[in-house]
Amino acid sequence: MAGTTITPAASYGSTAQAASVKRERGHIIAGLAPVLLWQTLFFVIPMLILLVYSFWTMRDYRLDYTFTLDNYVAIFTNPIYFKAFLLSLQVALFVTVICAVLAVPVAYFIAKKAGRWRVMLLVMVIIPFWVSLVMRAFAWRLLLGERGFINRGLELTGVIEQPFSFLLYSPTAIVIGLVYAYLPLYVLPLYASFDKVHDNWIAAAQDLNATPMRAFWEVTFPLALPGLMVGAVFCFIFGLGEYIVPALLGGGKSLMISQAIRLEFELRQNWPGGAALSIVLMAIVMAILAVSLRWLRPETAR
Amino acid sequence: MDNQAEPELLVVNMIGTGITAGRDVAPEKGVRVDGVTKRYGSSTAVDNVSISIEPGEFVTLLGPSGCGKSTLLRMISGFVIPDDGDIRIDGQSVVALPPFKRNTAMVFQDYALFPHRTVAQNLAFGLRMRRLPRPEIERRVDRMLEMIELRGLGERSTDQISGGQAQRVALGRALIVEPALLLLDEPLGALDLKLRRQMQAELKRIQREMKLTFLYVTHDQEEALTMSDRIAVMRAGRVEQYAAPSEIYNNPTTAFVADFVGEANLLPAVVAEPSSGLVVVAGRKLRIPPEQARGLVAGSSVSLAIRSEAVQLAPPGASVEPGLAGTVEEVLFAGSTAKVIVRFEGELTLIATLGAGTPLPERGQQVGVGWREADIRIVT
Amino acid sequence: MSAGTVKLGRPNPAKGGVALTAYTALIFAFLYLPIAVIILFAFDDKPVPGLPMAGLTLDWFGKAFSDPDLMASLFVSIKLALSSAVLATAIAMPAAMVLAWREVRLRTLVMCLLLAPIVVPQIVIGLGLVLLFRLVPDLIGSPAIIIAHTTLTACYATMILYSRLLGFRRSYLEAAMDLGASDLRVFFEIILPLAAPALLAVMLLAFTDAFGEYIVAWFVAGFTETLPIVIWGSMRGVLSPAINAISSVIIVVSLVLSALSQIWIIRQSRSSS
């Protein structure tokens, strides 16, 4: 066995280890690269572009590239923008609360009392969400107008004599439309939370002389809070930035922030202004997310 | 180059290695695990393990959960890369090869039969990956179905067969590629006792007939004793003893092996005279066989191991060597055997296994306990 | 307190479970009322939809399907939605596999990047994209719409596939590799067939979503017209029931497609949990 060089066993293992780590990393990069590159190119960069534009201005239909905070100043001083933000926040809050109240019993029913129909009911709640919002909002026009389904129905059956005019083209209509749009979104996480509450916990509470109502408030509801928070956060965020429902049902007397953005862009050709509004809107959304994550983290850790 | 070597040997050597000229190592067959180590964070799962498996051997890795046997198996099959060491199969180092390039095949604990394929398609998978021609694949699949006694079930889907049948399909799928090493990861765990015994005999038969090399992992020492040519008893990442079943059973080298395999009584003892005797905690001086006394140091603490079947009980008065006196604490009847737990002064207990038909003592009875000097083993 | 049967009713002992059931039925009625109205008025035999119904007719369907602009926009929508669904699923699958099966160090960052487009208001995304495409004006129109929709749908496509793949039995992959399958062959022989239902479900959802999406499409559409854009435009002027007709068809198809997809996804998550 003289004169041969055999690599010591130890280094076989460690070189193999290094090679496998490299291969592993290659797989990870290859897998994530398409999606991440795509999102960077078509999401991150447009957001950065918006940021850049927000510091420019539009003069005589031409872009002025000097850095300025004028757009932001305008947002905070111009009462129209202020009102738009206020309206959006109010509407979003209202919608969130109403959705929460409406969704809880439904989610509870499906989770606890639906038995075999569970899957079917859950599916039936979700699928309207996937139908184009344009069409669904369009439908509410038919329903809410003075000649619409509801008013005519009520008139024909003699309940009222004059049609309700506030139903359409009003903040009421926006709220109805948004509640309609996001209710399925709320039911889902609530259902998931309720599902996790074991029946025998509730039974145990009732065994200990709790009425059904107390059992619900003391046992079921607290455990459903995570679902409630998740639904609330998404409902609120989506409600803030929603365009289609306010545009179709709002009537144009008072604008929500998304409409203001489109106005700046389309009518006034003020892209920097629209960009600045977008950035402020995004900042609000991110702030809400950051705050809620702190809420949600300790909840989900349980 | 060695001028004194015979020309034929040189030629054989050069052809045999085939990789680099000048290596005059003879072509080896079998599996060599050489100094393999695997660490996870601060704990070591496998600690510098070196074993070798001869071609045609049935070797079992035996040990409690967490001892590293599954990790070692997965390193040999290629799903885990060792931090140190080498693994050679038939002379070729496989440590840098991904699993699909190694000539090993594994029978998984959960069988892992492909649910979207029929039984026959599962069997054929490995052959398809090796790009064998279609008629050849069909022929081998038919033959394998015969061998695992599932003839006619080839077109069944995997959820239409029983657990035992699925186990055989998993085995057949691995056997059909005729690997240099077949790895089995506790494959019989999900089967009931009777089926398990049947499969153990089957596996042994197939291994011998096909002259394959098997590496088996289990925590069931009876299983290991029944099937293996050699057993590697593992604990905390190390191999404590690697020998034939009879050797492991009769001559355990450590207290752990003595305790894990079979039922052994371990009595703490202090070495009095290395040349002849030692002292049991019960205060008695006992003689041990001379071979066991080799290498012992006076005053050191060791364990005296006696198999429970080797313990003899006698009513007081009747002579039995060394004749320790104790009280029967418990009698456990188990059909073909019975276990009697005898308590001595202090906390020492001894378990005796009595065969069927032996008259059983009663609880509370005084008995004398003894054994043949030749049955004593000293372990550290 | 009666120990035998425990009534787990709504927090109102007096009315018990009946109230809850009735309430739920009401909510479902609320959810499907607008949809029912559109479908109903698609059959209404008068030019302006409204109560009372003038009679049932299929004329509007005929009108809708013979209107060249409407049909053109329908095919454009189908084509673009299909493209973006396929593209989104194609880039989502490798990412979902990596996230589900490997240790990724910057996992939270990746998740944030993937989820961000969902929470950012669509109008903001639309504005950002149209400003981006000013640099590449040739892409405005169909390519830009495909790109925009892919960006939106790839997010939840990845999440859905990721959660499905978490329950994927790794021993299948190991067994295939052990028997000689290379990484590529493992993908085509094992992963793809077993994940095919999930991939299809995700593609269906992405298609349905992209098909009906309006606001981002409007920003980057240029002169291209998708069906939602046409419908929106028609609402400015006289409301033609032909729009109702085409909408009802789309609605029914959307409901069916997403129902199939959701049923499958829910069933799968229950069988593996």
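Order of writing sets the chain letters: A, B and C. Residues in each chain are counted from 1.
Basically, contacts are C-beta pairs under 8 Å (C-beta built on N, C-alpha and C of every residue); 3 or more make two chains touch, one makes a residue touch a chain.
Here the structure is a predicted model, which means the values were calculated and not measured.
Colleague: Taking each chain's centre as the mean of its CA atoms, which one is most distant from subunit C?
Modeller: Centre of mass proxy via C-alpha means gives B as farthest from subunit C.
Colleague: Once you count every C-beta pair in contact for both, which comes out on top, A-C or A-B?
Modeller: Counting C-beta pairs in contact, A-C comes out ahead.
Colleague: Once you find the CA centre of subunit B and the CA centre of subunit C, what distance in Å lies between them?
Modeller: 56
Colleague: Just the number, please: Cα centre separation of subunit A and subunit C in whole Å.
Modeller: Between these chains, centre-to-centre, one finds 15 Å.
Colleague: On a C-alpha centroid basis, what's the spacing between subunit A and subunit B, in Å?
Modeller: Centre separation, subunit A to subunit B: 58 Å.
Colleague: What are the residues of subunit B that contact at least two other chains?
Modeller: Each of 98 in subunit B touches at least two other chains.
Colleague: Where on subunit A is subunit B touching in the complex?
Modeller: Checking each residue of subunit A against subunit B gives 1-4, 6, 9-10, 12-17, 19-20, 23.
Colleague: Which stretch or stretches of subunit A touch subunit C in the complex?
Modeller: 24, 27-28, 30-32, 34-36, 38-40, 42-47, 49-50, 53, 102, 105-106, 108-110, 112-113, 119, 121-128, 130-136, 138-143, 147-149, 152-153, 156, 180, 183-184, 199, 202-203, 206-207, 209, 211-213, 215-217, 234, 237-238, 240-244, 248, 258, 261-262, 265, 271, 274-275, 278, 281-282, 285, 289
Colleague: Applying the document's contact rule, which stretches of subunit B touch subunit C when the two form their complex?
Modeller: So the residues of subunit B in touch with subunit C come to 77-79, 98-100, 104-106, 108, 110, 112, 114-116, 125-126, 129-130, 173-174, 177.
Colleague: Considering the complex alone, what residue numbers of subunit B touch subunit A?
Modeller: Touching subunit A: residues 1-2, 22-25, 34-37, 81-86, 93, 95-96, 98 of subunit B.
Colleague: Note which residues of subunit C are touching subunit A in the complex, please.
Modeller: Subunit C residues touching subunit A: 1, 3, 6-13, 17, 20-21, 23-24, 27-28, 30-35, 37-38, 41, 48-52, 90-92, 94-95, 97-99, 102, 104, 110, 113-114, 116-117, 119-125, 127-132, 147-148, 150-151, 154-155, 158, 183, 205, 208-209, 211-215, 228, 231-232, 235, 243, 247, 250-251, 254-255, 257-259, 262-263, 266-267, 270.
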